[in-house]
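Same chain, two partners: chain A is paired with chain B first, then with chain C.
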Partner chain A sequence: MRLQLSAAAALASLWMTVWATAAAEPTGDHADVAVRTSLYADDDATVISTTSVAVEGRATERATLRAHYVADAVSSASVDVVTAATGRWTELRSEVQGGAAWSDGTWAVTADYVHSREHDWASHTVALSGSRDLFQHNLTLALGVSAVDNQVGRAGDVTFARQQRSAGVDARAVWVASPRDLWSASYTVGYVAGYQASPYRYALVAGPAATAIGFPETAPDRRLRHAVTARWNHAVFTAAAVRSHARVYLDDWGVASMTAGTGLAVALGEHLEVEATLRGYLQRHAAFYQDVYDQPRRYLTADRELSTFRDVFAGARARWRGERVVVDAGVTGFGFWFAEFERLPRRLGVIGELGLRVAL
Partner chain B sequence: MRRGRAVVVGVALAGCQGGLDAPRAPVALDRPYFDCRVQPVLTKYCAALACHGDADRFFTVFARNRLRLDGDEAQRNGFLGLDERDVNFAAAAALVDPEDVDASPLVRKPLAQAAGGAFHVGATRFGGADVFADTTDPDYQILSQWLHGATEVATCQEPGSNL
Partner chain C sequence: MPRVIVVVAAIALVGCAGARPHERERLAQPQMQFDADAEAAAHEQHVFEYREGSAGGYGGGGGGCGCN
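On to the complex of A and B.
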């Protein structure tokens, strides 16, 4: 039921990925091993438990190999499904990744493959990236490409099989503007082709006698997406940094959004770092989205992630660094407010995380 | 000139696809055939209160002695009203795929998967059997023929109705 929980699962996975990536730079002589676990819970009756194991090791002086395994256990009785007579459901998603990175200190290239599988979804992702440092390593230019092949199914339905493919390009520049300032800017363009509705959801259309009639969801089979992101890390005082970012997103479904966030990280002594973060998001709905449609239309969706909404994330994190061990723990609270989704006008939740990295 | 060209490129890159909120093309479905032939099939197989005789379901069916629009218990076994028939007709039409009527959920959901049907929660709840074992079932044929343009005279009498 990935399509129903795309946002929830993506959020949990995003946070795991971001922090796992941040913790993945090998510092050991031979390899690093990282184990992370997180728990997501919201008041839409959804709980997601995620556990990952990542290994990264030096193959040569310039090359590293890496792999990870992620398991998501999802239990949900979201409004998306209880009204479709499905009731609470649980499922397991598994993801394996293998990759390699090479760097000579100026040039760097990476290649990764990811395979993800759950009972109604299978995905293959290939990603390549390259970067070059310029001006005495004060400027880094990077270019990444990725391609994803998804096979979409429906739980219990052997006759339902759809394909969804996507490709993306990310161009990025990172600039060390001063000893206290690091800037980065990126542009990402992505194209998705194929099935992009949910076989589980029904859109509501105003019917006779003030009723609402359920229509199977339909969505355009192509989508072009653009995003521009800017980041600024600024050192303050002697051992603190403010990390801020802003992002603007547009696509050809009419969705437009803006994200802004900031965080303050402070080193408390030699080993301990604490960080507080705040992020806000505003979105304008897709051109074909209506909470209850006035009449049957070519495209009908009940995806609240295509509606007008805003969300806020606020979190705190602590990281302790030993000589060969890094431990971090964090908690993030969030709220979504859907202005055009009467079935769930608000969703509140929390994500707790714990990570351990050992250098071998 | 250069600025204008940049604006055009920007709009082209970020602009919406055309026709995203266009109305759906109407499906030609005969109302007398529905009232006289299809409604009895829906009443017989779909309208149980634990199934689609539930106002919280996306596909809701009103029927005598089942779910009623006005909620008046004393009238539960009364004849179906025009509003209820209108809703049933609209709900059934919503499950018709105008581009491939044979793939419509209205006929694929109640059909056993072994015979080409789609997953149907109802089949898992009542002994593992779906409504229609195969496409030769006479009641399946009624639904299918309606989707393929079958018509009925306006005076057709549904048994037990006030039509």
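On to the complex of A and C.
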């Protein structure tokens, strides 16, 4: 409770500081400050509060510097921890990021570093990207690479330390198909090596007389992931856009999924914009996933995110754009339906979000 | 050969379409941008990557998962 009150006080102070900054006299178009808070709650007894602060400033005519801080406060007593015979847990994740971007209007490059830390997890990420505009800015080709080093621990066990490393490449094309149509297509490949199970979850193996025995999770230590994504923004009426996207995903664990979504964003007058979104997701399970294993196997998982399931997210957002201030608020409802996870066949929840951006 | 195919495909794709500078008014509107609000998109993608078995394709990523 004390942690929550301190976090709430810090959050309120942060919002007031940014709002006071917005009320001050402008000093020129040199920097943006953005603060965002979201609250996630589901009927699996999990609440996540996320707050981020981002600053972006112009260093030269062509270069910008940026930084952000993100704090996640998680409180959960989901069926995972019930299965592990532990009680409700809370934890705080902090993430800092620093980066730079350069663009001459045709070429653009970015470089970012991210460090994330929680009590049982530490992560370092380096990401680089470059892009080039072609054909009178009707086509943009972009290539990004990233590398992540994760150190995985276990609460209350100083002897437990595992490493997980990953690397990814993202190739992207964005093209102007017409004065009303903007398309994007991308291919992403990622490779993950190292520890990829959870030290807290236990997979169930059928025992004698209809009982089940919990075994620590074991997962393959290599994973190759592919995603192909298409996005399409189409201008309709005088000041509205239909924004659609689709993704196909495959990996060598046997997970396959399809994602599709669409949304309508409408400008109501000079300052106000409203948006409605709908997103659906279908997933086939990993080859080694079973809800309850018939016998101990080389790979055992209780990760329902590796099972067969579908989910739907539906949201609405309003955004007000002033001369120097942008404020937005949104709410999203969601449902997950797990076909092969008897302990939690359905999960429903809501996400509320509030954002503020100020140009200094 | 693959490089030639890519270049020819790109020219075919863009040559018959696109928008001239004076035709870009609608494209410049905020609701036509793919990631007009990077922070909001990052919050959203974090939820999906934490709750689903797939990842990639929408930018972002990195920074740990908070899901150990």
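Keep this in mind: the second predicted complex is superposed on the first by the 332 of 360 C-alpha atoms of A that agree within 3 Å, B and C clash if a C-alpha of one lies under 4 Å from a C-alpha of the other, contacts with A are read in each partner's own complex, and residues count from 1 in each chain.
Note that in this section a residue touches a chain if its C-beta (ideal position, glycine included) is under 8 Å from a C-beta of that chain, and two chains touch if they have at least 3 such contacts.
Given the structure is predicted, the values throughout are model-derived calculations rather than measurements.
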Partner chain in contact with A:F160 - chain B first, chain C second, else both or neither: first
Partner chain(s) touched by A:A286 [first = chain B, second = chain C, both, neither]: both
Which superposed partner A:R93 touches (first chain B, second chain C, both, neither): second
Chain B versus chain C as contact partner of A:E353, first or second or both or neither: second
Chain C versus chain B, contacts on chain A by residue: C
Touching partner for A:T188 - first (chain B), second (chain C), both, neither: second
Which superposed partner A:P345 touches (first chain B, second chain C, both, neither): neither
Contacts of A:E305 with chain B and chain C, given as first, second, both or neither: second
Touching partner for A:W121 - first (chain B), second (chain C), both, neither: second
Contacts on chain A seen with chain B and repeated with chain C across the two complexes: 226, 251, 286
Interface residues, chain A side, partner chain B - complex: 83-86, 154-160, 202, 204-205, 207-209, 211, 213-216, 220, 222, 224, 226, 250-254, 286-288, 295-300
List of chain B residues in touch with chain A within their complex: 13-17, 19-25, 56-60, 69, 83-84, 86-87, 90-91, 94-95, 105, 108, 113, 116-119, 121, 124
Complex contact set, residues of chain C against chain A: 10-11, 13-15, 17-21, 23-27, 29-34, 37-40, 42-43, 46-48, 51-59, 61-66, 68
Residues of chain A that touch chain C when the two form their complex: 34, 36, 38, 40, 48, 50, 52, 54, 68, 70, 72, 74, 91, 93, 95, 97, 114-118, 120-123, 125, 127, 134-136, 138-139, 146, 148, 150, 152-153, 168, 170, 174-180, 182, 184, 186, 188-190, 198-200, 225-229, 231, 233, 235, 239-241, 243, 245, 247, 249, 251, 255, 257, 259, 265-267, 273, 275, 281, 283, 286, 303, 305-306, 311, 321, 328, 330, 336, 351, 353, 355, 357
